[in-house]
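Structures follow.
Common to both upcoming complexes is chain A, partnered first by chain B, then by chain C.
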Partner chain A sequence: MAIEVEAPGLATTVQDLGRPGYYHLGIPLSGAMDRLALRAANRLVGNDDGAAALEVVFLGPELVFRADAMVAVTGAELPPRVDGVVQPTWTSFAVKAGQTLAFDYLKAGARAYVAVAGGIDVPVVLGSRSTYALGALGGHEGRALRAGDVLPVGRGRPAAAGREIPAALRRGPGGSPVSLRVLPGLYWHRLTEAAGRQFLADTWKVAPEADRIGYRFRGGRPLEFMPHEQPFGAGSDPSNIVDACYPYGSIQVPGGTEPIVLHRDAVSGGGYMMVGTVISADMDLIGQLQPHTPVRFVAVDMAGALAARHDRQAILDKMQSHLA
Partner chain B sequence: MTNRYSFGGDEHIFVEVDESMSLEAFFKALSITNAVRESRIDGVTEICPANASFQIKFDPDRIKPDDMLAELKRLEAAAAQAPSVIETRIFEFPVYYNDPWTHETLMRFRDRHQDPSATDLDYAARINNKASVEEFIAAHSGAPWFVSMVGFVAGLPFLFQMVERARQLEVPKYLRPRTDTPKLTVGYGGCFTAIYSVRGAGGYQMFGITPVPIYDPKSEIDYISDDTMCLFRPGDIVKFKSVDRAYYDHVVEEVAAGRYAPKVRNVTFSLDAFNADIDGYNRKLEEVLDGH
Partner chain C sequence: MASKQILSPLPGTFYRRPAPDQPPFKSEGDTVEVGDVVGLVEVMKSFHEVKADAAGTLGAFLIDDEDAVMAGQAIADLEG
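Let's look at the complex of A and B:
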C-alpha cells in the first residue's frame, strides 16, 4: 500500500512521537508538535500511539491512495475532502483505492495530523520515523514532502469508520490572549524585577518566524538586564551566556527584545540567556498557534506544572476509554 | 565553583557549573554527567554536557523533580572527590584556512560584520594582537582543543583550546547572523571554535574549512558510527593541522571514494598533569597522535 503526493502542501512532514536520546549530540526529539493530536489520530484509525503520520502546516496536501485505507485528521481544523466530499475531523473515515484526499482552507489552529491505518512506513532512523529537516534526517528522505513523492504505508488492522473523539476532548488553544504557562528560572535572575513583571504582564504576538525549531514572539516591551560583568567566553551582549544547553520549551530572549520558545526541532544549545520554560502540558498548544495570535506568558510553580501535566494525561485516558 | 541548579519546566534540570568558561568547569560538568550515565537513574531520558554547564532531561511521571534534583546534588558531591582523569580520543583534523568558499561567503555578508573592510581572519588576527593572519593560524592550529559541547545542530562540536586563559583567542560573533555558512566551515565565536556540520545560518567568524565530514545522516561514511551518525562526542580532543588546497582536494576525493578516515588515537587525559605543564602535556598528546 502506498500514497502518492499530488501536491505537498506548505511544509508537510512525516512525524511520530520523536527520537529521544540524541540531544547531547544536537539531534533533537522532533516528532509531532501537537503530540496529543497525533495520538488521537492514531487511536482513531487503530494504530499504536507512536505510529508515524503526516503533520500538515496551514495548507493541506493532495494525496492519492493506491489502496483502500482508514484515515483520521485531528489537530487544526483543516476539513478533509475525499474526491470532493467533506469528511469530519477528529473522526475516522474510509478512503478507497484511487481516491484523492484533499483539504479545505484552514479554519482554526495551525497543524493537522493525518493518520493512516498501518502508519506511514518510512525507514526508522535512530529509533524514529520523524523528520528532522535541519539535519536532513529521518522522515521521507530527511525533508518535507514534494509533489511526486510516494509514501509507503504499513500493514495494520484498521479500526471502523465513524469513530470519533468527542468535542470536549479536542484540546486546542482557547481564549484571547492564549495563556502559555511558564516555570520561570534558568537565567530569570538576570532580568531586573521590573522586566520580569513586564514580561509576564505584556501581551505578545506570534511572529511570522514560527516553525518546528521555535516560535518567536513580538510586541512586548524590551527587557532590561541586571547590571552584570559579562563572564569570560560569554560574549559582550547582556543577553549572552557561555553556550549552554537549551531545554525544550525554554524561552530565550536575544538582545532582550523578541522571546523565542524552542520546540520539537530545537537547536540543542547556544549562547542566549533563557528566562524560563513553557511547561510540558502546554507545548502541544504552541504547535497550534497561528502568526499574529496574542499570547500571555503565565507563571506557574512546579506543583502547578505537574498538575497541568496530570490534567493533560487525564484527557488521553478519557480518549482511550471512549474509543475502547 | 558551586553548581547552580534550575528546573527547565517539569522535564529538565539545568545546571550551571560556572558562569565563565574554563577547562575546570567543563571537566566538572563532564564528570558529573558521566556519573549520571553510570548511575542509570530510572526516568532520566537525556544527559547533555555543555561547556560550563549541563542539562538532564527526565520523565517526572517516573522520578519526582525534587528526587531528581537530590540525585544530582549527591553526584556533584561524589564527583568533587574523583580524580580529573578521562579516557578519551584525540583526532587530527586538516583545515584549509583562508579557503575560497568561506571567503566568498564572508564577502557576501560584509554588511553584518564589525569590520566590513577586512576579512574575518584579518579582523581576528588584529583584535588578538597577532602580527599577521599566518601568526593567528599558527596559534589556532598550534595547541589542541577539547570538544566541550556537541550541539546547536546535529553533530556540531564546540571546541575550547587547551591553553591558559592569557593565550585564549577571543572574537565576537557577527553583528547580525549570516543566512548562509558553508558545510564544514571552521568558525569562531567568543572563545570557541565550531565546525559547522551542515550548511545553514551562523554567526561565528569564518576561518577555513575542513574536508572531513563529521555528520552522516545517510549512513554513508564508514568512520562515523551508525549508532549516532555524529563523529564527535564531548571530551574528544582535536588537533587542527593547516593544509593547502592540494591536500584539501585530495582528502575530498578520498572521502568520496570511501577510503578516508581521520587520524585518531585513544588517550588518557589528566587535568592535574595538564595544568602542571600545559605545553609539555600538549606535546605528549601530539606524540600519541604520531603513534609514539
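Let's look at the complex of A and C:
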C-alpha cells in the first residue's frame, strides 16, 4: 500500500512521538508538535499511539491512495475531502483505492494530523520515523514532502469508519488571549521585579516566523535586567549567559525583546538566559497557534505543572475508554 | 459588484510589494490573468505568492499591506 503526493502542502512532514535520547548530542526530540492530536488520530484508525502520521501545517496536501485505507484527521480544523466529499475531523473515514484526499482552507488551529491505518512506514532512524528537516534526518528522505513523493504505508488492522473523539476531548488553544502556563526558571532572578511582572502581564502575539524549532512572540514591552557583571565566556548583552543547555519548552528572550519558546526541533544549547519553561501539558497548544494569535504567559509552580500534566493524561485515558 | 474574490491560501502577514522599495504587484483597476501574483504571505520564515485563480479586473483590496491574514480570507475583489 502506498500514497502518492499530488501536491505537498506548505511543509507537510512525517512525524511520530519523536526521537528522545539524542538531545545531548544536538539531535532534538522532533515528533508531532501536538502530541495529543497525533495520539487521537492514531487511535481512531486502530494504530499504536507511536505510529507515524503526516503533520500538515496551515495548508493541506493532495494525496492519492493506491489501496483502500482508513484515515483520521485531528488537531487543526482543516476539513478533509475525499474526491470532493467533505469528511468530519476527529473521526475515522474510509478512502478507497484511487481516491484523492484533499483539504479545504484552514478554519482553526495550525497543525492537522493525518493518520492512516498501518502508519506511514518510512525507515526508522535513531528509533523514530519523525522528520528533523534542519538535520535532514528521518521522515521521508529527511525533508518535507514534495509533489511526486510516494509514501509507503504499513500493514494495519484498520478500525471501523465513524469512530469519533467527542468534542469535549478535542483539546486546543481556547480563549483570547491564549494562556500558556510557565514555570519560572533558573534565570528569572536576572529580570528586574517590574520586568518579571510585565512579562506575565503583557499580551504577546505569535510572530509569523514561528516554526517547529521555536515559537517567537512579539508585542510585549522590552524586559529590563538587574545590574550584573557579565561572567567570562558570556556575551556582552544582559540577555547573554555562558552557554548552557536549552530545555525543550524553555523561553529565551534575546536582547530582552522577543521571547522564543523552543519546540520539538529545538536547538539544544546556546548563550541566552531563559526566563522559564512552558509546562509540558501546554506544548501541544503552542503547536496549534497561528501567526498573530494573542498569548499571555501565566506563572505556575511545580505542583501546578504536574497537576496540568495529570489533567492532560486524564483526557487521553478518557479517549481510550471512549474508543474501547 | 465583485464577481469573485482572491483568497489567501495561508495565514500570516500579507504584503502587496515584492520588496519594500518596489512597486505593488497589482493595483486596483489592473487587469489580472490566471496565475498572476497579487501579493505575498509571510509565514514560517518564507514568503508565498498569492496568485489569481481567475482572470478579470482587480477591484478593491480588502486588507492593507502588512496586515495579518487568515487562510481563506479575501484579499481583493475581482471583477468580471
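Rule of thumb we're sticking to: the second predicted complex is superposed on the first by the 324 of 324 C-alpha atoms of A that agree within 3 Å, B and C clash if a C-alpha of one lies under 4 Å from a C-alpha of the other, contacts with A are read in each partner's own complex, and residues count from 1 in each chain.
The working rule: contacts are C-beta pairs under 8 Å (C-beta built on N, C-alpha and C of every residue); 3 or more make two chains touch, one makes a residue touch a chain.
Here the structure is a predicted model, which is why all the values come from computation and not from measurement.
Trainee: After lining up the shared chain so the two structures overlap, which partner does A:Ala210 touch, if you call chain B first and chain C second: first, second, both or neither?
Mentor: Second partner only.
Trainee: Figure out whether A:Leu306 sits in contact with chain B (first) or chain C (second), or with both, or with neither.
Mentor: After superposition on chain A, A:Leu306 lies in contact with chain B alone.
Trainee: Touch check for A:Ala195: first (chain B), second (chain C), both, or neither?
Mentor: So A:Ala195 meets neither chain B nor chain C here.
Trainee: Please indicate which partner A:Leu101 is in contact with in the superposed arrangement: first for chain B, second for chain C, both, or neither.
Mentor: Neither: A:Leu101 stays clear of chain B and chain C.
Trainee: Thinking of the overlay built on chain A, is A:Leu54 touched by chain B (first), by chain C (second), by both, or by neither?
Mentor: So A:Leu54 meets neither chain B nor chain C here.
Trainee: Return first, second, both or neither, reflecting whether A:Leu180 touches chain B, chain C, both chains, or no partner chain.
Mentor: After superposing on A, A:Leu180 lies clear of both chain B and chain C.
Trainee: Could you say whether A:Gln290 touches chain B, chain C, both of them, or neither, answering first, second, both or neither?
Mentor: Second partner only, chain C.
Trainee: Tell me which of chain B and chain C touches more residues of chain A.
Mentor: B
Trainee: In the complex formed with chain A, which residues of chain C make contact?
Mentor: Where chain C meets chain A, its residues are 7, 9-13, 42-45, 48, 68, 70-72.
Trainee: Mind pulling up the chain A residues that touch chain C in the complex?
Mentor: Residues in contact with chain C: 10-11, 57-59, 104-107, 110, 208-211, 290-292.
Trainee: Applying the document's contact rule, which stretches of chain B touch chain A when the two form their complex?
Mentor: Within the complex, chain B touches chain A at residues 6-12, 14, 16, 18-22, 45-55, 57, 60-61, 65, 149-156, 158, 165, 170, 172-173, 189-192, 197-198, 200, 215, 217-218, 228-230, 233-234.
Trainee: Name, in rising order, each residue of chain A that touches chain B in their complex.
Mentor: 20-27, 125-126, 132, 134-137, 142, 183, 185-186, 231-236, 240-245, 247-250, 267-271, 274, 276-281, 302, 305-306, 309, 313
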